[in-house]
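Naming follows writing order (A, B, C and D), and every chain is counted from residue 1.
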Amino acid sequence: MLSEVKQEALKRLNYIEGHLAGVRRMIDEEAYCVDVLKQTFAVRRAIEKLEARVLEGHLRTHVVEGIHNGQHEQVLQELMELYNLAEK
Amino acid sequence: MLSEVKQEALKRLNYIEGHLAGVRRMIDEEAYCVDVLKQTFAVRRAIEKLEARVLEGHLRTHVVEGIHNGQHEQVLQELMELYNLAEK
Amino acid sequence: MLSEVKQEALKRLNYIEGHLAGVRRMIDEEAYCVDVLKQTFAVRRAIEKLEARVLEGHLRTHVVEGIHNGQHEQVLQELMELYNLAEK
Amino acid sequence: MLSEVKQEALKRLNYIEGHLAGVRRMIDEEAYCVDVLKQTFAVRRAIEKLEARVLEGHLRTHVVEGIHNGQHEQVLQELMELYNLAEK
């Protein structure tokens, strides 16, 4: 994992964990369901942004190297596996 | 929020927070990007299950009551707003 | 199904079918994969808009009537089933 | 586009168009909204399967060639653009 991706990923995780702590408080205080759901949707969006960053780092490093080293098959199978998991 | 929904939501949040702590460890230890992404996908799935439970509770309480009390318009607008946010 | 929902749904279907015919032409002419995918994403977005309209009509008619007629259970189970299918 | 991908994509399009024609009939006959939505969800799933096939073909051809030819930047930017569009 590239050092800059790691730093950004950890920063995004801090944000996500803080956001989830807010969701916990809302549920503890029995906030209105609709407001809770809007916050959990936002948490999922934040996780998707983290994923986009990790994926981009993956493409720029392992995928490029793998293809240069003749390991197409493994690299492409992993990408398709991720794609299919993400769609579920 | 129904008491049983609250209890289950908090239990699911415990699980999600533990799972995210695992993701943080993986990033700290510079785990393979593909493995990190598989875990963040699983976290999002867990949040979706939490949401399904909260939504079901919402339908069974506020939506049913709102419609009985003649507040269709507000209840339905909130549901459509949630639907549109969830699709994004 | 409300008459206005039906009319709008059919209009949206015309658009979706036309869009898909365009996708077919692109594949026939062996267009660049990335361009094909951008178009199929757009088709899915158009289907989601159609769905939002049908769902809204459903909420305004069957759901409101069902709850007024004491058929909560069936109405809510169908909504949760749709929600779970849509998330997949 | 690889010839085998093209053939499979066209076959899948036939299926999707037939499925959409069924949705049109349902709306014409004012079928129950919930049943219409289940079918449109299935159409979107079928489009996603078509996309997975086109994407796989893209990875196996343009992406591998682009990386071998030193065009990383364009190839990876396109993939990230697709990813971000698909998440929306």
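Everything below uses one rule, namely that a residue touches a chain if its C-beta (ideal position, glycine included) is under 8 Å from a C-beta of that chain, and two chains touch if they have at least 3 such contacts.
Predicted model, so just to flag it, every value in this text is computed and none were measured.
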Determine whether subunit A and subunit B, two copies of the same sequence, contact each other through the same residue numbers or different ones, counting it as same when over half of the numbers at the interface appear on both sides.
same
If you tally contacting C-beta pairs, which pair wins, B-C or C-D?
C-D
Rotational angle, Cα trace of subunit A fitted to subunit C, multiple of 5°:
180
When centres are defined as mean Cα positions, the distance from subunit A to subunit C in whole Å is 28
Just curious, how far off is subunit D from subunit C if you go by their C-alpha centres, in Å?
16
With chain centres taken as the means of their Cα atoms, state the distance from subunit B to subunit C in Å.
23
If a residue has to touch 2 or more other chains to count, which residues of subunit B qualify?
48, 55, 86, 88
Subunit B partner, complex, touching residues on subunit C are 48, 52, 55-56, 59-60, 63-64, 67-68, 72, 76, 79-80, 83-84, 86-87
In the complex, the residues of subunit B that touch subunit A are 1, 6, 9-10, 13, 16-17, 20, 23-24, 27-28, 30-34, 36-38, 40-41, 43-45, 47-48, 50-51, 54-55, 57-58, 61-62, 78, 81-82, 85-86, 88
